[in-house]
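So, here's a batch of structures to check.
Two complexes come next, and they have one chain in common, chain A, joined by chain B in the first and chain C in the second.
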Partner chain A sequence: MNVVTRPSIPGETEQPSLATQMSRPSRFGDRAFEWLTLAMALAVIALVFLVGWQLARGSQLAIAKFGFHFLTTSTWDPVAEQYGALPFIYGTIVSSLIALIIAVPLSIATAVYLTELAPLWVRQPLVSLIEMLAAIPSVILGLWGIFVMIPWLKAHPFPLLKTLFGWTPFFEGPIYGISMLAGGIIIAIMILPIITSVSREILRSVPNLQREAAYALGATRWEVTRIAVLSYAKKGLAGAVILGLGRALGETMAVTMVIGNTPQIKASLFAPGYTLASVIANEFTEATTDLYLQALFEVGLVLFGITILANLIAQVLIKTMAGATTTRAVQ
Partner chain B sequence: MNNPNSETLIFVPPILATRNNQTPMKFQKILGKLLAFGLLVACARSVSAQMMINGAGATFPYPIYSKWFDEYAKVDQSVRFNYQSIGSGGGQKQILEQTVDFGASDGPMSDDNLSKAPSKLLHIPTVAGADVVTYNLPGDPALKFDGETIAGIFLGQIKKWSDPKIGALNPGVKLPDQEIIVVHRSDGSGTTYIWTDYLSKVSPEWKQKVGTNTSVNWPTGIGGKGNEGVAGQIKQTSGALGYVELIYAVQNKMPYADVKNADGEFVKASLASITAAMATAQIPDDFRFSITNAPGKDAYPIAGATWLLVYEKQKDPAKGKKLVEFLKWAAKDGEKMAQDLQYAPLPENLQKRVLQRIDEIKM
Partner chain C sequence: MQSTPGNNRRWRTIKSAIVSALSFIAAILVVAPLGFVFFHLVRSGAGAVNLSFFTQLPKPVGEAGGGMVNAIVGTAELLGIAALIGVPVGVLGGVYLAEYGSARSNRMLRFIADVLNGVPSIIWGVVVYGLVVLRFKSFSAYAGGLSLGLIMIPLIMRTTEEVLLLVPNGYREAALALGISRWKTIVHIVMKTASKGIVTGILLALARVAGETAPLLFTAFGNRFWNHSLREPIAALPLQIFTYAISPYEDWHRQAWAGALVLIVGIFFINIVVRLLTRNPAFRVL
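Let's look at the complex of A and B:
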């Protein structure tokens, strides 16, 4: 959520200097407005720190007991009170990556169709349909996953994948239906609307001058889309993807219902997995001992850390990518 | 950096944006109506000045508890109950922190947790349920299991349906040479507590390797969330085997196996055979009992009770008095409603002891 607001910070820092130059006659309203907005902005930052601090405080016992091993061991045993989160970390990252691999091309292609190619009468109904997808509650999607998607996946696409790619370690072993791949697919469905909506807004905001200039140079439709639109909007599209990634990492209920909830690290995507968010959702309500609860808090802390880390990495990527793009867009 | 679009990118969910533009009036009207309704409810409440008794905990008995609170409102109109089914862990935590007037748990509290209580905490058993072994095999044959075999399957030692151990228990049933796909609950639950408690009693190896808890480190199998998750997985997978609550299996017409009890009899899970297990089980004075693998010819072995948790010394005498009245009503009249909702009621001998215990609550 905090991703998209970030790029506006550079603009903000310039404003105070401008304002001080102009406002010789004291303007209380402007001052108050400035302070108010500053307070709001700070409140958001404070909230993030508060969440982090609270999670860290809540998991003190577990951190002290397991230390770094919490991140590197694979045993999760509430009876013996041995907790290691590695399989959950692995599951969260892998399922989110699968989701991105599926959802990003689909979403961006949909957004391009909706803004550049689709006849006008198709656009609004399609947009509404995609937005409706976002309105489906997670639990409902999960139930649909168990009773409709999984049987279908098990009957058709999974066996096909196995015959085609069964020789790789990623598609071997028995097909249960419930699997890391199914988890990734359900996340993909859930992040598709947000990536599509944001991408569409970004593509729509590409100035028509850009397109007209490209057409004037004799570009075909595909060339216009590629050079004048997509290239121009690259940075914004990457922002849309990050927004999707943030969602994917934290997606809980629907994933829990189809991923198989088995804390293991297997190369095969047909094997069941487990995510950080799922283990919290599954076990928090019935956790009775202190250490158990604290270990679950620490899982939350790890998820918090991974989300922030993923955002930071993605932003660095965008920065480097944007540098390369702008030069090309200008050419 | 010189790209103006991405610099000023602010995301407004399109749904909100369009709705607000089109129908601000409608939205306000609805809001107004909601507010009015809220005020009305608030007024109604303050007029009758009812006492609120708050409870929180187990999800398994939630349907019967809410039925009880509903019915009890007709018996005593001066008191209202508010029960949040947040899970047994939450129930235990909240009653220890005294943020609720009573807690509820699907498993008895551990000595460790009980020692944290500021004063003596009582366990009041209310109703019981059972876990059944359900499966998906071609032709849905009726099967029989014993504890040793179930433990073997869940430890990952018995891997195939054609295993001679299963065959010996089911003479005449043609079992396929198919892999057994074990399905268990992934969410922490009283159902899993009963299941692992039973396996710990019948298999020393299970007790040593895995143990008893609301969630455990499973040696094998895949996890489904909730009864519906486990059931869904079993229904779709030929050769799958797992456990669900008896009520769930009955309502969804799933096949379930007879299980050999401590007396060597094969018993079908039913409300009667659960109550039979409670009647013959060893029940200690603090009511922190387990009725898995109970002795007795008719006892179904994979069953467990659920408890209310109340302090022996009630801090608020007025509330305490009302709570005791309710508990007595529940133990006498409430129990009669159990069977309609597919819960096993307490047997008579236990009911008597529970009533005596309720009498010991002091204001």
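Let's look at the complex of A and C:
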């Protein structure tokens, strides 16, 4: 036993020292505690496998029956037991792209404002407001979407878009309000905070030396930002955008409430759509037959696959860009 | 056209000012939805938040009044179950990441935790449905709480790790030098020092899942009445808001706004309290 011995004091009895008494149980305690915490940390790996396994097991029948056609056919007809997920894949991708087109410029510009331009006293309050926006539950944003945003969109911006761009296939047809475009806009609001705060962390990790060098060459503020900061942070910002994409793909409640939930593929953004997440939310409890439920599990499997992929890419980009400081914002 | 250097300089300065102004406008646009949503919540919801909202069960369609007391209590119960699952796993896992493990294995675990964080919440609902609801053939409070608890695990793990890493190494060394065993050092010295931060992380994770609806749709399922056993379907505030919002009834819409106002005030309250408690930026979690 490896206990440090101290010189014995005269008169002391030959009892084992306090250190020896404690060492045995505490060693066991040490080992047990380490194993316990390890087991808990490994839970994250177990969870990834659990999710994958559960979704695959739940969709066995559907995978066997439809095979690859599940992803490429567009008939979703529970009565005829025909299930093709293409309209949902299409809806998920299109609504997420609309969201990115709106949210990315706004978020990155805000991040630039927060790190490069804003007066110091503005920064912290603004960051807190953005965090509060992130804290709004999806269902509340959806509620606001149904009763405030949709009527407004229907009354003003949509007719305007129609008169301006009605000749393109993207803005033709009747305006119902609930539409792919409304879904994209609500997702944009949901992903603004995450792209902004991750971009902000990325920009903050750009060394000041970069900025000082550019200023020393006589660059204006915008030139410093563009040349020294943005180009340096390109990769990390791409990570932030893809992370936002990952969130957009899986966004459920708010989208379900405004997108119209119609399994169709229409070029017009004024037409209702459907997403992978919202078909699960809407139809899961109505799935009366085994195959129906299995098909919905398979939709979940597809959704899990693409969001995991997006998150993997995003994390790699963000982590190669900056050290541990940025990981916090990723949550 | 020949531009003199002076001219050029002025144009560059103007351009810089324009971009500054644009980025300022972008910042305003980003926080604008917060203002709009909050304004409408107060305007449409405040009128329906009264004593009966907190004391009565929902009324059937057509009868005015009623409340959401069962949903409020239900959300509290679900959060309690979620905390029982998410807190021990998350906190102890965070301890491992901060105190044990090699740099490489920890980097991988951290990575996976962050990826797990990006899994859409509805997926957790589907997984728990397959795991619990199908097996026990009933929607239940347990299933709902489990799905929320699983969402909390990576969140709490990462915040716990971060606050533990803030504890100076000198504390650990001093304790170990006194002959205190490693695990006691971690529990009594390191975790105790960081306890405020750990609690902060837990509260923020709770605030985050308190508003989750998607994972509860087919686990907790919702209930118009009191829940008498955790093995039965249970009401939750976000679920009730959803059901009422998509219903065609005017009365229910009003109730949905009221419920949303109560929910958001609760969530903001936790967030603000937590931020006032810990001004250290390392404790801030999105």
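Following the convention adopted for this analysis, the second predicted complex is superposed on the first by the 258 of 331 C-alpha atoms of A that agree within 3 Å, B and C clash if a C-alpha of one lies under 4 Å from a C-alpha of the other, contacts with A are read in each partner's own complex, and residues count from 1 in each chain.
In this text, contacts are C-beta pairs under 8 Å (C-beta built on N, C-alpha and C of every residue); 3 or more make two chains touch, one makes a residue touch a chain.
Everything numeric here is computed off the predicted structure, so don't read it as measured data.
Within the superposed three-chain model, A:A134 lies in touch with chain B and with chain C [touch as defined at top]. When both complexes are overlaid on chain A, the residue A:T285 reaches chain B and chain C alike.
In the superposition on chain A, A:T320 contacts neither chain B nor chain C.
Once chain A of one complex is fitted onto chain A of the other, the partner contacts of A:Q60 are absent, as it touches neither chain B nor chain C. By the touch criterion defined above, A:Y232 lies against chain B but remains apart from chain C after alignment on the C-alpha atoms of chain A. By the touch criterion defined above, A:T168 reaches neither chain B nor chain C. Once the two complexes are laid over each other on the shared chain, residue contacts for A:I146 go to chain B and to chain C alike. Of the two partner chains placed around the shared chain by superposition, chain C is the only one that A:L38 touches, whereas chain B remains out of contact.
In the superposed pair of complexes, A:I178 makes contact with chain B only, with no contact to chain C. Partner contacting the larger number of chain A residues, of chain B and chain C: C. Overlap of the chain B and chain C interfaces on chain A: residues 131, 134-135, 142-143, 146-147, 197, 243, 257, 281, 284-285, 329. Per the touch definition, chain A reaches chain B in the complex via residues 4-5, 7-8, 10-11, 75-80, 82, 127, 131, 134-135, 142-143, 146-147, 150-151, 154, 174, 176-178, 197-198, 201-202, 205-206, 232-233, 235-236, 239, 243, 256-257, 260-262, 272, 274, 278, 281-289, 293, 322, 326, 329. Touching chain A in their complex are the following residues of chain B: 1-3, 5-11, 13-15, 59, 86-90, 92-93, 107, 109-110, 112-113, 179, 181, 186-190, 210-218, 221-225, 228-229, 232-233, 236-237.
Touching chain A in their complex are the following residues of chain C: 12-13, 15-16, 19-20, 22-24, 26-27, 29-31, 33-34, 36-37, 40-41, 44, 88-90, 92-97, 99-101, 109-127, 129-131, 150, 153-155, 157-159, 162, 179, 181-184, 186-187, 207-208, 210-214, 217-218, 221, 238, 241-242, 245-246, 253, 256-257, 260, 263-264, 267-268, 271, 275, 282, 284-286.
Those residues of chain A whose C-beta lies close enough to touch chain C in the complex are 18-19, 22-23, 26-27, 29-30, 32-34, 36-38, 40-45, 47-48, 50-51, 54-55, 57-58, 105-107, 109-110, 112-114, 117-118, 126, 128-144, 146-148, 189, 192-194, 196-197, 220-223, 225, 243, 246-247, 249-253, 257, 277, 280-281, 284-285, 296-297, 300, 303-304, 307-308, 310-312, 314-315, 319, 327-331.
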